[in-house]
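Below are two complexes that have subunit A in common, paired first with subunit B and then with subunit C.
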Partner chain A sequence: MKREAFFWISVSCGLVIMAFILLPLIQLFTSPSLDMLKESLSDKDVMRSIWLSIYTAGMAALISFVFGTPLAYLLARSDFRGKRLVEAVIDLPIAIPHPVVGIAILSVAGKNYWFGQILTELGVRIMGSVTGIVTVLTFVGIPFYLNATKAGFEAISPRLEKVSRSLGASMFSTFARITFPLAWRSMLIGIIMCCARAISEFGAVVIVAYHPMVASVLIYERFEAYGLKYSQPVAVWLVSISLILFFLLRILTLHKVEEK
Partner chain B sequence: MRKTGSFKWVEFMVVATLLFLPHCRVLAGSSDQVIIFHAGSLTIPLAHMEKEFEAMYPGVDVLREASGSQKCARKIIDLKKPCDIMASADYKVIDKLLIPNYADWNIRFATNQLVLCYTENSKYASEINDENWYNILARKGVIWGHSDPDLDPCGYRALMVLQLAEEYYKVPGLYDKTVANRPKENIRPKSVELGSLLQTGNMDYAWEYLSVAVQHELKYILLPDEINLGNYQFDEFYDQAVVRVAGKEPDTFMEMRGSSVTYGVTMIKNSPNTKEAEAFLQYMLDPQGGLKVLKEMGQPPFVPCRVPTEAAKSSLPESLQNLVVIKD
Partner chain C sequence: MIAIKGLNIYLRDFHLLDIDLEIAQNEFFILMGPTGAGKTILLEAIAGLVPIKNGKIYIGGKDVTALPPDKRGISIVYQDYALFPHLTVMDNISYGLRFRKIDKKQGRERLAELLDVLNLSYLQHRLPVNLSGGEKQRVSIARALMVEPKILLLDEPLSALDPGFRDELRGMLKTLHRSSSITFLMVTHDFSEALSLGGRAAVMNNGTIEQVGEIEDIFKRPNSAFVADFVGMKNLFSAEFRGTKALVSGLEIELGCTPVNSHGYIAIRPEDVVISRQRFSSSMRNSFPVVVNAVIDQGFYYEVRAQSGDINFSSLITKSSLIDLKLQETSDVIISFKAASVHFF
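Let's look at the complex of A and B:
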């Protein structure tokens, strides 16, 4: 069968995009020598920063899960005035330039602002603290969790829930026994998306917390102080983690399609 | 039907290509530009100079990138980013990192001094003065910071001021006591950021150049010439201060010794826009041009600018030679 021109255009566009994404990454992965990679693994600062990245991103995802799930459910199930507005607000963190996020959070957390004053009195510090990093990462990551989870809830027929309710189950138990088992995969995808987004964050984190250093900030610091050679190995490890996360995501979504 | 469909595709591609073409010139950087990498502390005066210069040369676009001075050098050396002019807050950065491979000469064009910045909302703002500031920095609950000594000359200079203060005020342990009250978390990559932390109330005190404090309308404590690193006549006294900063590799270090704050500027070898860059420097180093702007913004320029030797002077482009004097 003769392929149409459209097919070949699609294929060549695809190849261009693949090369566009992969070329810099391959270059990144092949630049540092194996010794350098091993050496950076035994470097305490590097390991600490990578763990801090994973830990803070995980915390951000956990917070998104706890506070975001009810909101996602509400948005999926009910229509109310201003719903579009709420949805637009949720997407805002995706569109705001990252340094602006950091500046905005710092100005709220500073003691020249009433909220910051309360925080100071409670002894909570945002600038240069793990709390601050988690705050920033939650800010940039939560839209991804909300959107994925909302889509998951929307895909479940409300009839199933109504049946359960009509049989006398409470709303909570309906959620736990009907909705959650059907939606957990979307929630997991949301968590992974949120984590991935959080791990990759740099611009907002570096404004709120330079120390303690997450991996992306350490890469920047290494680059500035020592040059490319010493920032690349850290970058390789960080990209590897992101790669694993996205690989997991693909596997999970694949299963979902097959089930249908 | 199919035919018209694919024809539309071709049309679309042609239009898209045509739309993209004008951008290629910009992407390739072939229009008249001057690319300047500069210390963060020069941002505001250079923005002003850019306006004046572009009014004189309407066809030339000045592109500026601010970062810690060491980072400017890194961008040139490691990233090979195209750059015409590099202006550093410490002229030694040019001497140490750029000459001889990336630059031939180094003109010293301005000075500055360190001040301790704060706002009216800073803790103990009402009682701080040039006699008791070091006690306040050591007080519990006071949040003060400086920029990263490994990335920004302002960072190691702040530490030098503290060392010199110990000598000058004759208070043994002043340095250790104050630094012990500054957790690592209060260190930032570049000094200019500290101003925003003060203004948002995330920090109480920060070390900054005088010019930056003036430009950002911060309150500041002026320090005696013996310790503010602003007067080259005290270079011998400044020399006692030694700060260890990151070397070329992790876990290696080099020692920076105190000396007066002197700004240096150079042109990068094989720069993409030699002619325009020369024109900009001619304006920038002119006492009636850029140097005047610096002066108005709280940063004392060298009038005229300085190079150390006759050989250095003769290595300058001809158009710049009459703007400098030989002075060590």
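Let's look at the complex of A and C:
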């Protein structure tokens, strides 16, 4: 059968998009020599910034997990007036331009604002600190954790929990024995998405904390000071971490689809 | 055992209004009603699983209205089984043991007994995903009974099953009810299920209870047009079974096969009852002379009520048949129906 023109147009567009995404990444991975990659690993600044990226993203995910899980459960299970509004607020960080996030957080934490004054008295510094980085990363990452986890809870029939309760289990036991074992995969997906989002953040971090330097800021600095060639090796390492998270995510989500 | 007084529930999609209901110890009580009548909500309210607006629920004389579900000693079985998908059959069944003060040894004995009674021993290490509908429902019932509840709530436990499994499980439920002191409360749509299992029943509609009473009474003497319409089955008679025949006040009705019980009920849908002026030879093995005592306009159909001795038959015929047969009150006619049209239980 002879294919119609429409088919060939679709295929061509698809190929263009694939090339558009893959070419720059392939080029990025292949331009630095192995020596340069090795050398950058022994560069203390590079290592420190990558570890800081991982650490702060991990902390953001942990905070999202601790504070987000109960809220995600509440949103999945109950219906209340203003629920849509709460859901919209949760999605808000996704829509806000990244530098604006940094500026907004700084304005809350500033000395001219009551909350900032409380923080100063408690000895908490946001500007130029790891605390500040974790704060903005949590801000940009938590919607991803909440949405993934909420979807996971929603997929579990409330009847399972009802049966568990009727068999004598308290709400906590029910969560631990029924809800969590059935939702952990979604929660892990949420944690990974939150981490991936946090690790790739630049705009908000650079406003709140240029120093200590996370990997994305370091890449920017190297690019500004020394040019493309010197920023590439660090970029490769950072992208590798993102890709690892990405593949973990693909494996988990594909597995989840197969289960159904 | 269960007493519900002035219960009101308002949920987003459902509401229950002024429910009053009493169910005795070890009764097999049936709850009937169309979809959306609030039957499941009522069950969940008894188990403490939905918030109630006002009213009281007493279990064994004790006010449990404020008691959380885990403290009530009421088990629930859902139509969709609600098995814990990550636990094996055995772990599903023994799930409740750790929360109840049941001795370990006693628990093991009970598990073995339930596995045996419900014929689940060969499945105990499987996951729910690998079970058939009938097997899943048996596991769900075993899980509910394992914790020795005072009350077992069954939400249409048989409706999702194939007919063969349904009869088998129905028999099991009957046996389990007889051999225990547990009060059973079951929601069903199925007329024969209600009659063969239950003693008393309630019909619900739109969040209220329309009628409560002996099941046979509800079917024979519905107290509202809604109940009459809902129960639908008009030709219902209690019968003695002799071989392949049912004896109903002197009439011998051929069933085509032999019932297990010696007595029970038979029912024939009005649309399966054919009216003729003369006996005619056909495959219909039941034919009786009757006297018409009422012809009622039902819109598309006419309902003809006719009497033989003290038995009242009901038949649905079209308007053209009515005219062809020149039917009127006191006409002498013949009614016929196939042996296969007679439902017995």
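Everything below uses one rule, namely that the second predicted complex is superposed on the first by the 246 of 260 C-alpha atoms of A that agree within 3 Å, B and C clash if a C-alpha of one lies under 4 Å from a C-alpha of the other, contacts with A are read in each partner's own complex, and residues count from 1 in each chain.
One rule holds for everything that comes next: contacts are C-beta pairs under 8 Å (C-beta built on N, C-alpha and C of every residue); 3 or more make two chains touch, one makes a residue touch a chain.
Not measured: the values here are computed from a predicted model.
> Give one word, clash or fit, describing how subunit B and subunit C relate on subunit A after superposing.
fit
> In the superposed arrangement, does A:Leu85 touch subunit B (first), subunit C (second), both or neither?
Neither subunit B nor subunit C is touched by A:Leu85.
> In the superposed model, which partner reaches more residues of subunit A, subunit B or subunit C?
B
> After the superposition on A, what does A:Leu167 contact: first (subunit B), second (subunit C), both or neither?
After superposition on chain A, A:Leu167 lies in contact with subunit C alone.
> Examine A:Ile207 and indicate which partner it touches, taking first as subunit B and second as subunit C; both and neither are also allowed.
The first partner, subunit B, only.
> With both complexes superposed on chain A, which partner does A:Leu34 reach: first (subunit B), second (subunit C), both or neither?
It touches nothing on subunit B or subunit C.
> For A:Gly116, decide between first (touching subunit B), second (touching subunit C), both and neither.
First partner only, subunit B.
> Quick test of understanding: once the structures are aligned on A, what is the angle at the Cα centre of subunit A formed with subunit B and subunit C, as a multiple of 10 degrees?
Given the fit on chain A C-alpha atoms, the answer is 150 degrees.
> Shortest C-alpha to C-alpha distance from subunit B to subunit C once the two structures are superposed, in angstrom?
For subunit B and subunit C in the superposition, the minimum C-alpha gap reads 39 Å.
> If we count contacts the way the header does, which residues on subunit A are in touch with subunit B in the complex?
Against subunit B, the touching part of subunit A is residues 4-6, 9, 43, 103, 106-107, 109-113, 116, 126-129, 206-207, 209-212, 220-230.
> Report the residues of subunit C in contact with subunit A in the complex, numbered from low to high.
Listed in rising order, the residues of subunit C that touch subunit A are 12, 44, 47-49, 68-72, 74-76, 78, 80, 82, 84-86, 95-96, 99-100, 143-144, 146-147.
> Using the touch rule from the top, collect the residues of subunit A that touch subunit C in their complex.
Those in contact with subunit C are residues 79, 157, 159-160, 162-170, 173, 177-178, 181-182.
> Would you tell me which residues of subunit B are touching subunit A in their complex?
2, 6, 9, 67-68, 70-71, 74, 77-79, 121, 148, 150-151, 183-189, 193, 196-197, 199-203, 246, 248-250
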